[in-house]
Amino acid sequence: AERLAAFQARIDAEEKIEPNDWMPAAYRKTLVRQISQHAHSEIVGMLPEGNWITRAPTLKRKAALLAKVQDEGGHGLYLYSAAETLGVSREELTEQLLSGRAKYSSIFNYPTLTWADIGAIGWLVDGAAIMNQIPLCRCSFGPYARAMIRVCKEESFHQRQGYELLLEMCRSSEEQKAMVQDALDRWWWPSLMMFGPSDTHSTHSAQSMAWKIKRFTNDELRQKFVDATVPQAHFLGLTIPDDKLAFDAESGHWTFGEIDWDEFSRVIAGDGPCNRERLSARQKAHEAGAWVREAALAHAEKRAARRAAAQVAAE
Amino acid sequence: MTDALFTYVLRLADDAAILGQRLGEWCGHAPTLEEDIGLANVALDHVGQARALYSYAAEVEGKGRDEDQLCFLRVERAFRNCLLVEQPNGDFAQTIARQLFFSAFMLPFWEKLTGSSDATLSAIAAKAEKEAAYHLRHASEWTIRLGDGTAESHRRMQEAIDLLWPYTGELFEADDTVSELVAAGIAVDPQGLRAGWLATLSRVLEEATLTLPAQGWMQTGGRDGRHSESFGHLLSEMQYMQRAYPGHTW
Amino acid sequence: MTDALFTYVLRLADDAAILGQRLGEWCGHAPTLEEDIGLANVALDHVGQARALYSYAAEVEGKGRDEDQLCFLRVERAFRNCLLVEQPNGDFAQTIARQLFFSAFMLPFWEKLTGSSDATLSAIAAKAEKEAAYHLRHASEWTIRLGDGTAESHRRMQEAIDLLWPYTGELFEADDTVSELVAAGIAVDPQGLRAGWLATLSRVLEEATLTLPAQGWMQTGGRDGRHSESFGHLLSEMQYMQRAYPGHTW
Amino acid sequence: AERLAAFQARIDAEEKIEPNDWMPAAYRKTLVRQISQHAHSEIVGMLPEGNWITRAPTLKRKAALLAKVQDEGGHGLYLYSAAETLGVSREELTEQLLSGRAKYSSIFNYPTLTWADIGAIGWLVDGAAIMNQIPLCRCSFGPYARAMIRVCKEESFHQRQGYELLLEMCRSSEEQKAMVQDALDRWWWPSLMMFGPSDTHSTHSAQSMAWKIKRFTNDELRQKFVDATVPQAHFLGLTIPDDKLAFDAESGHWTFGEIDWDEFSRVIAGDGPCNRERLSARQKAHEAGAWVREAALAHAEKRAARRAAAQVAAE
C-alpha cells in the first residue's frame, strides 16, 4: 500500500514510469492490453490499405501508400517492443492475435472498396487515431509515451496526405467527388466508433485516468474529432452522413446523432464485413512463413555454434 | 540516338516498375513483420526509380507523355522489362532468389552508369546504386539464412535458384540499342558485368551451401515485349484505375 | 416500374455473370478432368444466363447500352450481385458449397419465375430452370461425396459450409424494388422460397453427414454495391480488355 | 507370323481392328503412344486458352471460349478411353504426363499474350490439328478412328470460330489488326512444327503408314496446311512471316522457308517459354485435387459396402 501510494505520487507528479520500476499488477495488465491492441491494430490495419497497393492510380500515390503501410508496420514494431518491456513476448502477442483472443481496432474490419477509401482512411481513421494518441504522448509509462511521439508525428503526415488525396479527387471531377462522398458515407460512423463506448458505458476509464494512461474520456475525444473534422468535410464540399449534425454556437461544438452501438458491438464481437478475412489473412501469412522463421532460427543457431567452436579452438 | 535512349531508359523503368509491383503484392503477407517492412521498402525504392526513369523517358520522347501514362497506359506487348522481374512472387525463397539475381546485377550496373555521359542517367544511377547495395545485402543475407537453415528451407531456396536461373540470361543481352549507347558513353555494356555478377553469386551461394546452376538455355523475349502469361494478369491489376478512369487526376 | 425492373434484372444478371467468372477461373485446374469439364459447363450456363439477362436489362433501360457495356463498363459500386457469388473459389469444397447454396435457391426461384407476367423473364427462367436443376444435382452429389468421404474431405466441406453460410441471407432480402415487382406479378418473393431452400439443404447435408449452421448474423451489402475486397480484383481482370480498348468490337 | 499376315491383310482390306482383336505388340505400343500424346495435348492445351477465359473481351466470346475449352477436356476424355481399350489406365497415363515422361504437342509451350492469340490458336493450331486428324478418322484402330470423327467435327467448328474472331478484329480497327498480325508472327512457325520432323528425319513413319495409323507423311500434311492457310491469311490482309513464301504456279503449292528445327527440338526437350509452367500447373492441380479424388473413392466404397450390407440383410 505504501508502494502503491508512492507510485501514484510519482504519476501525479507527472514522472514517467520505466519498465524496471515497481508498478501495480493492474497497471501493467492495463498497459499490456492497451499497447498490444494498439500494435495489433497497426498490423491488421496494413491489410485494407495493402489491398490497393497493386492498384494505386499513379506511381506517386503507389509510393506514398507503400511508405504509409511500411510506417504502420514500423509502428507495430515499436509498440510490440514497448509491450515487451512489460514482460510479454511478441510470440505471445502474435498468438493472441491469430487465435482471435486479442482485439484490434474494429475499423479495420470494414473493406476498402474504392481508391477514395485510401484517402478516407488517412483522413478519418488516422485522424481519429491521432486524436486518441496525442494525449498518450504524455502517458505515464515511458516507453509507450515515447513510442507515441514518433507514431503521432508519422500519422499526422499520413492524415494530411489522405486529406490531400481526397482534395485532389474532389477537384478533378464530379465522378471522383462522388467516390469521395461515398467513402465518407461508409467510413464516417465507423470512425466515430473508434473512440470506444460512450462514457456512460466505458469500463476501465476512471482507473486509466487516475494512472494517466488516459487523459480524456472517449466522448471528449470523439467530440474533438467531430469538431476538427466537420469543417474539413465542408471544405471538400462533402456532406457528413448524419441528419442530426448541427453546430451549437453557444458551446462552439458540433452536435451529432447517435452511434449505432449494436453495429459497434457486433463488429467487435466478430461479425463485421471483414473480420474473418483479416484474421485469415494474418493466419495464412503466419503459416506460410513458418518455414522461413524456422530457417532463420536454425541458421542463427548454426552461426552461434560455429562461433563458439571457433572460440574454443582459438583458446 | 533519341529513339535508342528512349528505349534504353524505358527498359530500365519497366524493370523497376514491374519488380516494384510484384514486391508490393507481399504487403501484409510476409513471413515476419520485419520482412513486411523490408519488402515494402525494397518495393518503394523500385517504384521511386521507376518514377525517375519514366519521367526521363517521357522527356526524351518529347511527346507530352508523363510517368503515369508510360506506366499505366501501354499495352502488354509494349512493355520492355526483362522476364526475371515479372516472375510471380512464389514463396519467399523465390522472391529472394529473384531479388538476388537482379540486385547482384543492378548494383555494379548502377555503379558503372554513374559514369554515363548522360547527366540525368548518371544522377539517377547515383541514387539507385545506394538502394541496390541495400537490396543485394538484404537478398544475400536471406539466401544464406535459407540455404544454410533447415532442410526444408535449403530445398526451397535451391529450387528457387534453379527455377529462376533461365531468366537471368536477359540481363546480359546487348542489342543495337545498347551498343549504340555504349559507344556514345551513355549506356553500360552488360557483358562487362558478367564476371562480377557470377563472382557475387558464387560467394553468396557458397556461404548458403547452395549450388549455382549450370549455364544452359536461357529464356528471352522481355526486351521485345514477349512476356510470361502471368504478366497480363499483373498489368490488368496495375493499370485498372487509369484504364477505368481515363484522363482523371489523382 | 421500369427502374425497378431494370434493377431487378440487373441483379440477376450480375449474379450470373460474377458466378460464371469465378467458375471460369477453375479452367484447367480442377481436381479431375471430369470436373474441369463439369465446372466449365456450369460456368458456361451462368455466362449464358448473364447474356440473356443483361440484354433484357439493356432493353428495359432503353439507353442504348448492350450486354457487354453493362458487364464490362460499370464500376465496382454499381454492381448489384449478392456477396455469395463473388466469394473466391477457395478449395473445391468452397466452390461446391457456394454452388449448393446458390443453386438450391435458384432452382425454385427460376421455377416460380416461369410464371412471371413478364414474358421475357418467364422465357429466360424456363431455360435457366433446367440448368439450375443440373447445377443443384452436381453440387449436391459432390457435397455428399465430400461430406461422407474421408475425414479430411468431411472437415473441408463442413468448413466451407460454415464459411459461406453468412452470405446466404442476401438471397432472401426483399427491398422495395422486389416488393413492387412481386405485387405486379413480375418478380418472385424470395421469402416464400426459404422453407424449401432449408429443406433441400437439410436433406443434402444430412446425407453428407454435415451440420447446417445455426442462423446467426448475415452479411449484406451486395445489392447496394458494397462488395468484398476480393471483388475489385475480380473486376480488374474481367473488365480489362473493354477498359483498355474502349469502343472496339471483338 | 501367320497371325501377323492375317492382321496385315485385315488392315490392307481397310477393316477396323477392335480392342479384343489380336494385334502385334508394336502396333499396340505405337497406338498407345500416339493416342496418349494426343490426349495429353488436349489437356495441356486447355491451359493457354484457359489463361484468357477470365479476360475475354465480350460475354459472347467468353462463352465460346469456355465451350471450346470444355470440348478439349471432352476430347481428352474420349482419347484416354480409347487408350484404355489398349490396356493402359488413365492413372498410368496421367502419371506419365505429370512426371514429364510423356510428350504433348509442343505448340502448347508457347504463351498466349494477347486476345488475338485465342483466335490464332483456333485458326492455326486447331487448323493444323485437323489436318493431322482427318486422315486418322480412317485409322485402322476402331476406337481411335471413331474418337477422331467426333473430335474433328468439333475442331472444325473451333477453327471457323477462331478465324471469325480474327476477321472481326481485323475489320474493327488497325490497332486490333496489328494485334492479329503479331499473333500470326508468333504462332505461324510453331504451327508448322506441329506436323513433326521433316520426312527425311521422321522415325516411326513407314511402319505407321503400313499399319494405316498414318496415311500421309509429315511433310505432305504440312504442305496441305500451308496451302490451305496462306490464302486465309491473305484474306485477312495479313503477311505470313516468311520471306521465302512463294506460290508455285506449276505445282499449285505454296513453297515456304526452312523451319527452325533447333527451336523445335529444344522446345520438345523442355526448354520452351512455358514448358515448366504447363507441367507445374498440371502438377499443382493434381496435388491440390488429391483429397477430392480420395474422398470420391472413399465415398464410393462406403456406398458399395452399405449396399452389400443391405442386400445381406434382405436375404
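Before moving on, here are some points about what is shown:
The first chain written gets the first letter, and so on, giving A, B, C and D; residue counts start at 1 in each chain.
What we mean here is this: a residue touches a chain if its C-beta (ideal position, glycine included) is under 8 Å from a C-beta of that chain, and two chains touch if they have at least 3 such contacts.
From a predicted model like this one, the values you see are computed outputs, not experimental measurements.
Counting C-beta pairs in contact across A-C and across C-D gives the higher total for C-D. Centres computed as Cα averages put chain C at a distance of 34 Å from chain D. Look at where the CA atoms of chain A average out and do the same for chain D: the two points lie 57 Å apart. Averaging C-alpha coordinates per chain places the centre of chain B 41 Å away from that of chain C.
Chain A has residues 55 in contact with two or more other chains.
Multi-chain contact residues of chain B, defined as those touching 2 or more other chains: 75, 236-237, 240. Taken together, the touching pairs give a contact graph of some other shape, not a line, ring, star or complete one. By the touch rule above, chain A contacts chain B in their complex via residues 43, 46-47, 50, 53-63, 66-67, 69-70, 73-74, 76-77, 80, 115, 165, 168-169, 172-173, 175-176, 281, 284-285, 288-296, 298-299, 302. Of all residues in chain B, those touching chain A in their complex are 17, 20-21, 24-25, 27-37, 40-41, 43-44, 47-48, 50-51, 54, 67-68, 71-72, 91-92, 144-146, 148-150, 152-153, 156, 237-238, 240-242, 245, 248-250.
Taken together, the chain B residues at the contact with chain D in this complex read 75-77, 163, 166, 216-217, 219, 221, 226-229, 232, 236.
Contact residues on chain B toward chain C in their complex (touch as defined above): 75, 233, 235-237, 239-240, 243-244, 246. Those residues of chain A that touch chain C in the shared complex are 48, 51, 55, 111-114, 179, 182, 186, 266, 271, 273-274, 276-277.
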